[in-house]
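Below are structures written as C-alpha cells.
Shared between the two complexes below is subunit A, which has subunit B as its partner in the first and subunit C in the second.
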Partner chain A sequence: MRRSFVILLLGALLPAGCLGTKPSLHLVDAVVEADVVWQGEVRIRGVVTVKKQGRVVILPGTKIVFEPVDRDGDGIGDSELLVEGALLARGTAEAPILFTSGAAEPKPQDWKYLYFDFAKEAVLEHVVSEYAYSGVQVHFCRATVRDSVFRYNVDGVRFSTVNIEVAGNRMIHNTHGLRYEERGSVASVHHNDIRNNDIGIFAVTRSKDKATIARNNLVDNRNYSVKLGIEQREDVTLPYNWWGTTDGEQIAAGILDRRIDPQLGRVLTPAPLTGPVDISRWREEKVP
Partner chain B sequence: MKYLTRFFCGSLALLLALSIGVPHGSACVGKTLVIGSTGTVQQQVLAQLLAVLIAERTGTSVKVADFSGHAAVHEALVKADIDMYVEYTGVGQVEILRKEAIADSDALFKAVKEVYNQDLNLIWLKPLGFANKQEAPAGAPADAAPVVRKDTLKKFPALARLINKLGGRIDDATIEQLEKQAAGQPPHKVARGFLKQNRLI
Partner chain C sequence: MMILFRTLLLLLLGSTLVFGAEVSGRVVLQDDPLAGVTVAAWSDLDFSGEPVASSAPTGGDGIFHLDLPPGDYALFARDAGRGLFAFYGRNPLTVGTEKVWAGLQAVRVGTIKLEPYDDEYSAAIEGTVRHGGQAVAGALVYLYLDVAEALKGQGYRMSAPTGPDGFFAFDNLPESDYHLVARKREDGSRQGPVRSGDLYGIFSGNPLSARAGKVVAVELPLVVKQQDAASSETFGRSSNTLVRGRVVDTAGKPVANLHVFAYTDRVIGHQRPAALSAPTGPDGRFLLHLPGGGTYFVGARENYGDSPAPGERFGMYEETADHGLQVETGASIEEISITVETIQLF
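Right after this comes the complex of A and B.
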C-alpha cells in the first residue's frame, strides 16, 4: 500500500520537475533523511521530521502550508515540521518564506509549530510564520532568527536551552510575542518589534538573568509588556528597550512581577530608550 | 535549472525516505489541562476562573468541558478524562461518597479531603470562600473547592500553590455578582475581569 502511494506521488512530481513548472509537495507524516530543496508550495499533513542526516533548504518565496488536523482533539492542530537535522530558510525582503495554515479561515494554533530540537543547523531569515501554536520553537541547539515576522500564533517565538540570536523580527498579534525558559541559554534578543500581543515577553521559568534582551520595541501589548511565570522567582533585567515611555511607573504598570505577586522575581528595566528602535539597523547598532 | 535538479533529487530522496516510517509526535506544546463543569452558570464561571488563572500564569493550554451533573464530572475526573473541577463538600460527602452528612463545615471538609485523597487519589484544595445553598444536601453545607487529580499535581508542581491563590477570595456576595455578570457576557470574560481586578493575572 505504501509502495503504491510512493509511486503515485513520484508520478505526480515527475512532470512538474521535467517541465519546469512550479513544483509542489504534499507530505503526510513523512521523514526527510537527505539533502532536499523546497520551493513553490509544500503542503504538510501530520508530522514531518527532518532527521539528523537530513538537510532542507527552503528557497525565497516558498509557501509551506500546514493542513489543519487535530487527531488528539486538544484544540491544537497536529501538523508540524520537526527539525533534528538542518533547516535553512533564507527568504528575502521581496520574497519571504511563508509558514501558514491551510484552513479556509485560518486562526491561531491551526498547526503546531516549526520545531528545532537538537538541530544541527537552524536558520530563519525573512520568513513569515503565522496561525501556529508556536511560530517557531527552538530547543537544545544553535539558531538564528532574523528579519522575520511571527504573527497570529499563541507563541510567536519560543525557546529554551539554546544558543540563539533573535534580531530584526516583528512579533505581532500573538498571545505571547516571545516566550522563553532560559535554562542556561545564551540568548541575544535585540532590535525586534514586539507589539500588539496579549503579552510581549513571557519569561516562564528558570531564568538566571543571563539572556540579553535589549534594544527592542516593547509597546502596545494588551495585558502586559513582560510577565513572569508562576515559578520565576529570580529577577529578570531588560535594559535599553523602548517601552513607549521613559516613565518608570508607567513601564512598571505593564509588568507582572513581584509588584503583583510577592513570590515572583522582579523585572528590572534600566536605561529605557527615549524613542523607538529602528529594527532594520540590527547589523550596525551594537547591543549594550 | 540547478535548483530544479536539486529539488528533483531531493524530492526523490524524500520520497524514498517516506517508506521508512512514521515519526514520533513531539511534546512542548505541553499537556492540555482539562477542567470540568456541571454546566450551571456558577460552575462555568468557576471552571473559567481556574482555566484563565492557569493559562495566564503558567502558559499551559487549558480546555473546559461541560458534563451532565456531579456524578458524570466526578467519573470523568476519576477516569482522568479531566484534571480538575470545583466540587461542593456536601455533594462530595453525600452524593459521591455516599456517606453520612456532616453539619460542621471544617469537619466536613477534613473528612471528604481525607477519603478522596486515600481512596481516589484526588486532592481537595483550599475552599474558595462560599457555599452553594441550592446544591447542599440535607444536613451538610456545600463549600466550594477545587478537586484535582493527584497525578496532575505531580506533573505540575506549581499548580496547587497557584490554584490556592483563589482560596477564600470568593465569598457569597462575590459569586452572586459573578453569576449576574455571566448573564450578560461569556464566563471566560467574567473570570478574566475578576482575576485582573484582584491582581491574580
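Right after this comes the complex of A and C.
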C-alpha cells in the first residue's frame, strides 16, 4: 500500500436516514488522515488505518460493520480498524456505538479487531464490540475503556504496554474476557463484569504485579476465572474482587497458577468481596 | 618469462574463482592457542554429518587455514582424544571472495548420562551450565528442532533462567533430536543477539536424542563472546538486498545507537525480526541487509527482541500506510527516513 492514501475530508456525514438502507460510509482498505466524524452506519472492508494525523469522532448510535473477509485463509476475518492517531467513540447508555460483524450469521473472529497502536487518543465509552478476534486491543498508548460491552469475541479486551483504565464494562461470552501482558503498563481494571467466558482473565506474560485489578465480578467463567500464561513466573495479585464465594479453596479451584503448574507464579486473591460489585458505581467507589 | 607470469596469474585468479576465499583463524582453549585440532566447515550448524572441508591440524600457534567457495559455513572442531570441542562464535560464517578471519573457542566436553524418567510416554533433558568450571546462574537454555534458523531465536523451548547451581530442565518433551544452545546475556535480556562479553555455548553432542521414559543429563560449557565488529551484532547475514537511510527525531535531528528492524509480518510481535541493522552512527545512518526480496515492515528502536518498552525510542517507516517497504531481490533502496519518538504512556 504505497502512499496513495484516501484522505477523508468528509467531516460530518449525512445522517443514515437520508440514505435509506445504504451505509453512510463504505471504507475499503482506506486511510484516514484528517478530522472526521462518523455516524449512521459505517462499513469497513479490509484494513482501515487512522494515521497519526487522523482523528475520528464516532457519534452515539453509530454502527460500525466489519465485512467478513478472510484474505489469508487463517479462519480469522481480516477487516479491522487500526488507530495510530485518535479515535473517540463516546456513545451513551441509550445509544451505544456498535462494532459488529457484517456476516449473515455472525460468530467470533468474523473480523479482526479495533486496534489502538501508539494512538494519540483512545477513548471508548458506551460501545458494544462483538464477533471480533479481539473486541479491542490497546498497545503503547493511553486509553480509557468504560461502560462498554465486549461479547462473543476471542479476546474481549486485550492490552499490553499501556496506561489504561478499564471500568464499568461487561466482558461476557468471550474465550478470554480480559487478556493482557503487563510489560510496564499502568493499568487499572475495576468495576467490570467478567463472566461467562471460557477464561475470565488471561495474564499471558511479563506481569510484575503492578496492574490494579480490583472490584470486578469474576464469576461463572467456564474453565478458569484466572489463568497465567506459561511464561508468567511471577505472582499476580487480584484483591477485592467478587469470585462468587469467599471460600479460598473454591476460589483457588478456578485458577490456573502454580498450584497446577509448578513453573508458574501464584495468583493471590486477598480480601475477596462478600457480594457482587455494582459496576455502574465505578465513578463513586474508590478502588483500593 | 612474461608468458609464465601470465600463466601463473591466470592460475592464481582461477583458483580464487574456484575456492572463493581463504578462511583463517586461531583455535584457543581459554586464552591459550590449541595445537593439533582440525577445523572443519559444514554447510549449516548441524555438524553431525560430513563437513564440506577440513583444515590441516593447527600448529603451536593454534592457526588453521581453509579454502572455501563463496557461501555460508559453520565452523567447528573436535578432538575426541582430549575431549575438546570448539566452535566459531558467529556461525554461520559468510564467505565471499576476500580473506576472512574466524576464531574458534574450545571447551571441554562434558559427560552425557541417561536415567529413567517417570513418564514412559515423554522424554526429559536436564543439565548444568558452566563457565570455567563454575556453575552459571541466569543462563537460558534453548532447544531447537533443526538448524533452519541457524540456532537463533526462541526455538522450540526455552528454559527458565538457571539458578545458582546452573541447573536447567525440560520436562515432557516429545521424542525427538534436539539442538541445545545456552546463552547468558549481560543485560539480562531473553532475546536478541549475543554480544561481546555475554556467555554462550553450543552443546557438543548436538543433535541430542531424547527418548521416551528417559532423562538425558548433560553438561553445557559456555565461553565468553569475544569482541566483534558492531555489524556482526545483528540478525541475518550479509546480502545484496539493502535498505539505507537515516533515523531522526521529531525535530529532524539524527539519532545514534538505534537499530533498524524489518519484519515480514505486518503486526510486529515479540518474535525475531527478519533483519536488524547495526546501531546507527552519530549521523543517524543505517544499513540493513535483508534476506531477500519481499515486503518488509520496517522501523527503528533502541533494543531488539521482545516488544518495545516505555521510555524506549521507537518509530516506524511512515511512507506507506502499513509501514511496509517493498524490495526486489538484489535491489538497494536508498535514503529512507524513520522518525522515532520516546514511548510515553502518560
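The definition used in the following text is that the second predicted complex is superposed on the first by the 265 of 288 C-alpha atoms of A that agree within 3 Å, B and C clash if a C-alpha of one lies under 4 Å from a C-alpha of the other, contacts with A are read in each partner's own complex, and residues count from 1 in each chain.
Basically, a residue touches a chain if its C-beta (ideal position, glycine included) is under 8 Å from a C-beta of that chain, and two chains touch if they have at least 3 such contacts.
Bear in mind the structure is a predicted one, so any value in this text is a computation, not a measurement.
**Q** Should the pairing of subunit B and subunit C on subunit A count as a clash or a fit in the superposition?
**A** clash
**Q** May I ask you to decide whether A:Val37 touches subunit B, subunit C, both, or neither, giving the answer as first, second, both or neither?
**A** In the superposition, A:Val37 contacts subunit B only.
**Q** Name the contact category of A:Val219: first (subunit B only), second (subunit C only), both, or neither.
**A** neither
**Q** Applying the touch criterion given at the start, work out whether A:Val149 contacts subunit B, subunit C, both or neither, answering first, second, both or neither.
**A** Touch partners of A:Val149: none, neither subunit B nor subunit C.
**Q** Subunit B or subunit C: which reaches more residues on subunit A?
**A** Partner touching more subunit A residues in the overlay: B.
**Q** Regarding the shared-chain residue A:Leu178, is it in contact with subunit B (first), subunit C (second), both, or neither?
**A** The answer is neither, since A:Leu178 touches no partner chain.
**Q** Classify the contacts of A:Val162 with the two partner chains as first (subunit B alone), second (subunit C alone), both, or neither.
**A** second
**Q** Using the touch definition from the top, say if A:Leu114 reaches subunit B (first), subunit C (second), both or neither.
**A** Neither: A:Leu114 stays clear of subunit B and subunit C.
**Q** Could you look at A:Arg233 and tell me whether it touches subunit B, subunit C, both or neither (first, second, both, neither)?
**A** second
**Q** Is A:Phe140 contacted by the first partner subunit B, the second partner subunit C, both or neither?
**A** It touches subunit C, and subunit B stays clear.
**Q** Now for A:Ile97: first (subunit B), second (subunit C), both, or neither, which partner does it touch?
**A** Neither partner.
**Q** Residues of subunit A that sit at the subunit B interface in one complex and at the subunit C interface in the other, please.
**A** On subunit A, the overlap between the subunit B and subunit C contacts is residues 2-3, 5, 31, 47, 49, 51, 139, 263.
**Q** Along subunit C, where are the residues that touch subunit A in the complex?
**A** 160, 307-310, 314, 318-322, 324, 343, 345-346
**Q** Flag every residue of subunit A that touches subunit B in the complex, lowest number first.
**A** It comes out as residues 2-3, 5-6, 9-10, 13, 17, 20, 23, 25, 27, 29-39, 46-49, 51, 54, 59, 74-76, 78, 80, 82, 112-113, 115, 117, 133-134, 137, 139, 154, 176, 179, 202, 204, 223, 229-231, 256, 260-261, 263.
**Q** What residues of subunit B sit close enough to touch subunit A in their complex?
**A** 3-4, 6-26, 28-29, 32, 57-59, 61, 63, 158, 161-162, 199, 201
**Q** Which bits of subunit A are touching subunit C when the two form their complex?
**A** 1-3, 5, 31, 47, 49, 51-52, 118, 139-142, 160-163, 181, 183-186, 233, 263
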